[in-house]
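Look for chain A in each of the two complexes below; its partner is chain B in the first and chain C in the second.
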Partner chain A sequence: MRKLETYKPIQARVTYKSPLKIKSDSLQKLSRDKRAIVCIFFLFIVFIIGIFSPLLAPHNPEELFYESILEAPSKEHLLGTDAIGRDVLSRLIYGVRVTLTVSLMAVTITFFIGTLIGLICAYVGGWVDNVLMRIMDILLALPSIILALAIVAVLGPSLTNAMIAVGIASIPGFARIIRGAAITIKSSGFVEASRSIGSSHSWILRRQFLPNVTGILLVYTTLFIGVAILDTAALSFIGLGAQPPTPEWGTMLSEGKNYMLDAWWLATFPGLAITIVVFAVNFLGDALRDIFDPKSSR
Partner chain B sequence: MTTTLLEVRNLEKKFAAKSAWFKPKQYVHAVNGVNLQLAERETIGIVGESGCGKSTTGRCLLRLIEPSSGEVIFQGKDITTLSKREIKNIRKDMQMVFQDPMASMNPKLSIREILSEPLLAHKILRSEHEQLLSETMRLVGLPEEHLSRFPHEMSGGQRQRIGIARAIILRPKIVILDEPVSALDVSVQSQIINLLQDLQEELGLSYIFISHDLGVVEHIAHRVGVMYLGEMVEVAEKERLFEKPLHPYTRALISATPKTDPDEVKERIILKGEIPSPSNPPTGCKFHPRCAFTQDICKAIKPELREVEGRKVACHMV
Partner chain C sequence: MGLKHVSKSFLLLTILALSMILIIACSSDSASTSNPDKNPSKVTSSPQSGGTITIGLKEEPDTLDVHKTAMSAASNVTSHIGGTLLAINPDTNELEPYLAEDYQVSDDGKTITFKIRQGVVFTDGTPLTAQVYKDTFDRILNPETGATVAASLIAGIEYISAPDDQTLIIELKAPSAPFLRNLASPGYLQPLSKAAIEKHGNDYGRNPVGAGPFIFKEWVTGQSITLDRNDAFNWPQVSSKNQGKAYPDHIVYKFIKDDQTMLAALDSGSIDIAMGVAPKDVQRYRNNPKYYVLENERQGLGLFLEMNLENKVLSDLNVRTAINMAINKDAIIKAVINGEGTPAYGPIPGTIFGYDPNVENYGHKLNKDKAISLLEQSGFKKNGKGIMEKDGKELALELSIMAPQSQAAQMVQAMLKDIGINVNIQSMEAGTLIEKATKGEYDLSFLSYSYSDPDILFLLFHSSQIGGLNHVRAQNTELDKLLEEGRTTIDPEERKKVYASIQKIVVENAYWAPIYAEKNFYVVNNRVQNVKLSKVTIEYQDSWVQQK
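What follows is the complex of A and B.
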């Protein structure tokens, strides 16, 4: 075996797998998970409702029916009407749009800034990590809704600002999770190998860190959508998010609470809608965690 | 073996140990004044127990760990004073192979992506990538189809071939091999060693071969440096060192390697005690608490590396 030409490589016993195989492994697990399937299906329907709300809603959400104010659920108004005669079902259906847009945008903010902070803390370490993480700790010491409140108070109450506030308020928690996941990668051999090769920092972050945290990113982004929906609704409930007459579930809840005893349907249905959607998102997040991050499940 | 390619002078690395407030900082002396010369096409083996600083030395040469002091002179330039940008150019000529090929490769990247990393990092023209990739795969004796595989789909030996391929794809001058075969089983070890020797011949490489396995080092190295607690205790041509080790520590190490001939009478030197902690090393000669020949002078004065019988030894008793 002295000469290269005569050297014959040993045939591997492992069978050849296509590059997509790793990903489809996880997809396969996902397709076998009944919880996940049900949740995905449900959320898909919610999504469709959001997209096609003008077609699906029986009435205009801002149309006033003067002859039927505070009417109990009936054939004409399936979920009743509110104090100024608007159809609750229509408002609920239009509310899907607002809720989904706001929470997804908020999570997008959290996702990008949180991932960036988390990865930088893990990769750079030292005082940068210390300073950033202590700031995150201080922010974490405030309940996220109080933090969001403070941000909205500064920016002024509107749906866009609520979105930004909710997004920013979730960054600390998100950044911490990503840092925790990425810090194990920093000490791994392949990051050192990358450094020895002479790769740039951004290359190492993109090609060595990111592919190894995608699973965790997926899991926690999903879970944070649930948080964002709740926070947006809460901000709207106290009047700092969506402004009337925007049909938003939190706003509807807040309008309905004054009529709790006379017209139960006003607060009940938006409340139920929030609960069910958040439940589905969280359930999906848990299912994803079992698949992508099995170490931290239970 | 004529021109010196790399010269290491008084390399030192101190790690800050646990520091408490209002207490003087404590240091662990991982590498303490190592001197080395590496010639073109030469292989120098560095051996020693675990924790003696041989891996740290290797990493300091590439500045994966910043050395505390000392000089590393490569092509007339002192690497330790270069900026981050300049060090990148040096890394093109000096690459490293790691002990555990599985850990040193990102499991989410294919072999093609892993091998392309050095090419991208050093901005090699895209048009040359394919040729370099296939040529390097041929050099390390793997079929080109393996490029589309993932590290977990390969055997340990194949993975280490990829580790070597990644190190030589830029055609460096020096490859630092940090225990490249310790994670492999014996039959694969010899294949990898042969491969390394072939590559050295074909590409004109110089190796710094870090290992704790004397048998492997005896096979591949031209010269051997023996390290103990961060210091070189003996540096010699391979033949001389293995025939007649001078330093008591080297003697003990060599006596511990199994011999192929069962009838050969061999003297077995068994070292007493544990390797001392590098944060609190013994005074004088660091080896004196475990040495069979300890005299008073060993406890008081640190022996310098000096020429004895055509080699360098750091011992008062030789």
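What follows is the complex of A and C.
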């Protein structure tokens, strides 16, 4: 019930304004929000680094430098080398690719299945809603990382499976939020009007439901990217995600933790990278929420 | 002929004990060095009674019934609550009397007569007699007991008799070179009180009774095991300076799995001795006058690569040799064990009897170009991606490892990629790895072993051991014959020659890519004085706790 309450004002808005109007309105707000701009800019740079990592990285991330094992940051190796002589900076840069790919793919899975389940529950209602939501409730009872662990345990440890596991593990939360937002639209006047003139179900879902939950979708998709990055890193940390020698931040962190006292740079840099990127993603998500959720807007 | 009858699961457990568990009890070397001389001068020179020695153990034993365990953690704990017939002098590494005052080996080498020491009493009051030893060994050899390591140590026994309280006669099936040293294995072969076993039944493993310097007091699952001093004890092994009861009141073992937590406990003083400290962490303590470091070399190989001969690609000697030549052992030693080890070129290290130093000359050395040309001789060609290819198939192998070997695995992966072999690392639990290796369901696999005698090569390479420890599935008649000879040859010089030929065959056939033999480290707080590392165990008989 509380969720429903939260999104009520959206319904009020929606009934008075066309969806298109909301969009241009929000873009304007976004461009005025400095922190959002900074985050978007930062994430854009991270993205560019990911795309051009072969050009940017000083070394091959899998190359072993036998002569400089566990070397502190120096000119040759700006962020030092790891326990078996690989360049930390290069691994970090290539790690961007892995991290972004995995988290975006995971969120895509969450996004499509979660939205579908959420909208169907809201639109169909009745026993379909009840059954689907009870299943989601059961899954929600487990922390998402435990669920992801269980899925990886079944599928076997690999990056692709980690991607699938993290994606699936986030579905229940996502579906619940979308359902909450969509259920308020169901009872609105324009939906009833469309129904009474005989519009098809798919038309109503596509043209009336979807546009009205776009804001919420955007906010939560962004926030879930942060969650996905963390979950992927966590799975890799315990050895169930990226397999060696793939440069992945969680794996690097895990390999570095045994050297905390001897080689601080091993765990520090991947740790910082995860923190900063997740921080930026969450900040952006918060900014978007302020814009799309009128209740919390200033 | 010892171990032939032993079942698969038994071998599985044996290697679990032999190879992967933190090797404390079974490990060691001929040059075991302790350096308490470096200790600062504030320490008094005369031993004091009282106090507690607290030891950090990485693993919790499964049971303290020495016949049913295969864990070196269990043998380590139980070695202090019981004795052995013979013991090893920590300074000279020679055999010396302990619970047997004296022994005689018959001319044919098959009959050994022991004279049991008098006045030895179990902590439940039963006296130690030859009959007790016979009962103990009978229990080990009884298949219903399910004995694993203990059974493998005395597997050569044909018949035991105890004509009187002091005389124990052991008849062997065949002369056995390693048998007497096996009897000195700490923990596993201690005499057990029959009364205590009958009293506790299945709970005996949680209530062990022995005739050693300490008495089992309590075991808090997941936390610790506490031993109290046995005040009646006055029968230590001959070389101990202290011929009476031990000095400390208690010994406490705390189970600490994580390396960093173990060191933090050592730093904070909540443990006095850290077992199995990683080489990279040792340096810190060497330079700190508050601690002293004990070290010994592993009796066995700390890391080697097994190759499955039943794999189509690996059945080609050229491929196996190429893999041997692609591995940079020095780089792995430097990175993985901080340089604290020696590269291995053959299947046994210098610490095991029969090691042929010549192996360093004929063993495979790092030679990338030769490795590549060997692969090319076998019809492989580098493709566009730099990977070797034959008949349109890329040369790809799977390397099975346990999580702690990940660093070495990634290095080997990179090294083999350099000569065009794609390696995919599969990390798994120890049990799964051994099961797969035993069944031959693997391509490449990392493993380690510890053993006191070159007879381990019989288990590792004899064709009768396929389905057991012969993971590479070697079937070589010449090698089989030599391995059988090595078991029964008693004359040391002859035996050395046999094992020299065995090493040569194993290296020439490149069944393994041996990588290194490393050192084991124990860091001891200065508070505890005179801790000794013998060839087979860590000794507290002469140790005392510095009182404030």
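Descriptive notes on the structure:
FYI, the second predicted complex is superposed on the first by the 273 of 298 C-alpha atoms of A that agree within 3 Å, B and C clash if a C-alpha of one lies under 4 Å from a C-alpha of the other, contacts with A are read in each partner's own complex, and residues count from 1 in each chain.
We adopt the following convention: a contact is a pair of C-beta atoms (placed from the backbone, for glycine too) under 8 Å apart; a residue touches a chain by one contact, two chains touch by 3 or more.
Note that the coordinates shown come from a computational prediction; the quantities given were computed from them, not determined experimentally.
A simple residue count on chain A separates chain B from chain C, and the partner touching more is B. In the superposed model, A:Ala83 lies in contact with chain C only, and not with chain B.
By the touch criterion stated above, A:Ser194 is placed in contact with chain B alone, chain C being left untouched.
Within the superposed three-chain model, A:Gln208 lies in touch with chain B and out of touch with chain C [touch as defined at top]. Of the two partner chains placed by superposition, only chain C is touched by A:Gly239; chain B is not. Partner chain B is touched in their complex by these residues of chain A: 1-4, 7-10, 12-14, 16-17, 19, 22, 188-190, 192-200, 203, 207-208, 211-212. Put simply, chain A touches chain C in their complex at residues 62-64, 66, 69-70, 83-85, 157, 239, 243-245, 255, 257-262.
Listed in rising order, the residues of chain C touching chain A in the complex are 259-260, 280-281, 284, 328, 331, 334-336, 403, 406-407, 409-411, 413-415, 417, 424-425, 427.
Residue ranges of chain B in contact with chain A, taken from their complex: 62, 64, 87-88, 91-92, 95-96, 98, 100, 103-110, 113, 117-118, 120-122, 138-139, 141-143, 145-146, 148-150, 153-155, 157-158, 166, 191, 194-195, 198, 202.
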